[in-house]
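Two complexes, one shared chain (chain A), two partners (chain B, chain C).
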Partner chain A sequence: MKNQSKKWILPAWFITLILVDFGILYWSPPDAAQNMGTRVYMMYMHVPFAWTSFLMTVLGALAAGIYLWKKENDWERTSRAIIEVAAVSAFLTLMTGSVWGKITWGTWWVWDARLTTMLILFLLLCAYLIVRDMHGSSYEGKKTGSIIAVIAALNVPIVHLSVNYWRTLHQGSTIFRQEGPPKIDSDMFVILLTCFGVVLWWAFSCVKLRLSGSKNG
Partner chain B sequence: MNLLKTTNIIFSESLLSLRRKIGRFFGLLLLSIIFIVVFELAYEPSADDINNFLPGLIWVTSILSSSIGILKIWDDEESEGLMDLLKSSPLDRGGIVLGKSLWGAFVCFTITVSTLLMTFFFFDYTLDLKQFFFLLIVILFSSIGFGFLGALFGALSLGLNFRNILLPLFLYPLAVPILMASINITKDILVNGFLIGTWFYILFVYSFVQFLLVFGLGEQSLES
Partner chain C sequence: MKRTIYSLSLAFIAIVWLVFSGLKEASLFFYFPIEVNTEIKAGEIEPQERIRIGGFVSPGSIETSEEGILFTLKDDENGLVEVWYTGILPDMFAEGQGAVVEGVFDNDIDWVFFADAIFVKHGEEYSKEHLDKSEMKEKFGSGIPSGTIE
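Take a look at the complex of A and B:
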């Protein structure tokens, strides 16, 4: 029964994703503030993946920190499963951001503070995965990987605040603003949160599947 | 066993081992991206001098990343104690070095092509198909030159103390002609769109000499 439910996690998620996509097309108003029209729909994938990568990095680092403290392998396994999802989310953030950049700025990539710090976060997550892949189950590999995970999490606030402290082409914070309430249409905000929920569902499902896989394998 | 058969066995074995060591390979690609980020942040080239900046960036990044890959091509045999087994096997020693050299060239080629694509992506540089094809030819020759040189010196330095320091000391000065020629040809391709010129002849001859050196010295380099 448990295996049956596991089998349905990702297909169910995929169906929900398609439904949410239709929801975006039906309900989301085109952007008027920045004159982006329907191109703004890309935000419903880009932003949730970015938030998920931040959240997963922090959670992975927490698990890694507990592993470093308690030396219990379960925490390291959890940390690895979470960081893997964080790396995929960070990659998808960069990819969707790049497509967004081509549509709105006319270029795939600019050396902007937000983009560069996000790339550095992605590189750190990749470094973690490479260390863990190359050193298998050795204590040195787990220890080094966990330290890299903690360092990667320290980079998360830098990525988030980069748009406030440097002049960037990337737009400033719209939701988590220091100056006041979110600067977004309420319909758009609801859809954005729904998309974030769907991406989070995918992220935690992947972590769960990975953890049960590594336990059985 | 004859030379070509041994070369094929060693190259195929190295290619198969890539599946086990894919993390190492991705590590080299990651290193290339880090070099690109560091160079960009250090120099911040303007749109006007991008044609002068990109060829140097591509080749310095590729040579640095590839050389780390090349330094490792004999390491597994050495660390797992397989070197004596290889030497005492009926395999042709020249073929062993030639197979490893081909593997070194393959590593260089793959890393350089990946670096090239990443650089063009990050600097939003558009190429036409002809320019890309010309660049692939340059990468092929420089990979043969650098990969063969690295594998030969790697074999020569087996068993030496401080090998990881000594090998770059041998390798980098000898790789300077390849680096200079590749940078200048790349600049010609990007700015003027042509491939054949003095620098191309230099690269071709130098790579061919490395190829002949491996043929001539390969067997001796593995002698105890």
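Take a look at the complex of A and C:
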């Protein structure tokens, strides 16, 4: 019975995603503050994946840190599952961001501080995956991977603060700001949080599925 | 355990140094128009040196012709740069909109800036109503409105 319910997680999530997408298109107001219009819809995918990649990197690094301390394999497996999802989220952040950049800024990519540091974070997560793949079950491989995970997590505040600290093409923080309320309409904010919830659900479902399948890996 | 912490700190310092030094050029992604003049005088910007300048498209300054467009980039402190551009404009390019232009000053520096790339820069405010500068300040505390900069 338990295995049956697991099979439904991803299809259920997929259907929810489709419904949420239609919901966005139907309910979400186009942005008029900056003449962005319907281009703003990219935000509802880009921002949740960005937040998810940050959150998963930090959680994965925490688990990796506990592994480095306690040397129990269960913590290592958990951190690996979480970092895998973090890497995919970071990749999707870069992809959705690139499309959003093309339709608003007029370019797929620029080497400004925000994009460059985000790319570095993604590459660090890839480095983790490569190291763990090459050194499957050796302690050295697990230790190295865990250290990379911690370094990646230390990079997360740099990525977030990059738009405030440096002069960038990417706009500043809308929600997680030093002072003041989020610079977004409340109904847009609610839609954004809903999308974030859906992406988080996907992320944790992936981690759960990965952990249940890899008991022997 | 001690070695792990040691190598971890070393790696972290190396990464941070790499990031900060690599980003030195990217860290100043563009000059403001007001800075351009001072930087030219200080010898920081030379003729034919590729730079980027970011500001707002001054309302009423866009002149289109067959070969290209000429407009003025300005900032909050009334720095002004004349920009000449012959390429395809981004969709969102408009009067009052933020823009970052990339290109060179000719040998006749301090005159027209020859841009070969234009990026539209937008702010971080999202709202379903169009807000002008004072409305945006009231609603969000600050912001970069587009359409008009008054």
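We take it that the second predicted complex is superposed on the first by the 215 of 217 C-alpha atoms of A that agree within 3 Å, B and C clash if a C-alpha of one lies under 4 Å from a C-alpha of the other, contacts with A are read in each partner's own complex, and residues count from 1 in each chain.
In the analysis below, a residue touches a chain if its C-beta (ideal position, glycine included) is under 8 Å from a C-beta of that chain, and two chains touch if they have at least 3 such contacts.
Computed from a prediction, not measured in an experiment: that's the story for all the values here.
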item	value
Which of chain B and chain C A:127 touches, first, second, both or neither	first
Partner chain in contact with A:108 - chain B first, chain C second, else both or neither	first
First (chain B), second (chain C), both or neither touched by A:40	second
Partner chain in contact with A:147 - chain B first, chain C second, else both or neither	second
First, second, both or neither for A:119, with chain B first and chain C second	first
Which partner, chain B or chain C, touches more chain A residues	C
Which of chain B and chain C A:155 touches, first, second, both or neither	second
Touching partner for A:188 - first (chain B), second (chain C), both, neither	second
Doubly contacted chain A residues - partners chain C and chain B	107, 110-111, 116, 120
Residues of chain B defined as touching chain A within the complex	21-24, 26-27, 30, 33-34, 37, 40-41, 44, 121-124
Chain A residues touching chain C - in the complex, by the definition given at the top	29-36, 39-40, 43, 68-69, 103-107, 110-113, 116-117, 120, 143, 147, 150-151, 154-155, 158, 166-169, 171-174, 179-181, 183-185, 187-188
Chain A to chain B touching residues, read off their complex	107-111, 116, 119-120, 123, 126-127, 129-130, 133-134
Residue ranges of chain C in contact with chain A within the complex	1, 4, 7-8, 11-12, 15-16, 19, 22-23, 26-30, 54, 89-94, 97, 100, 117-131, 136, 140-147
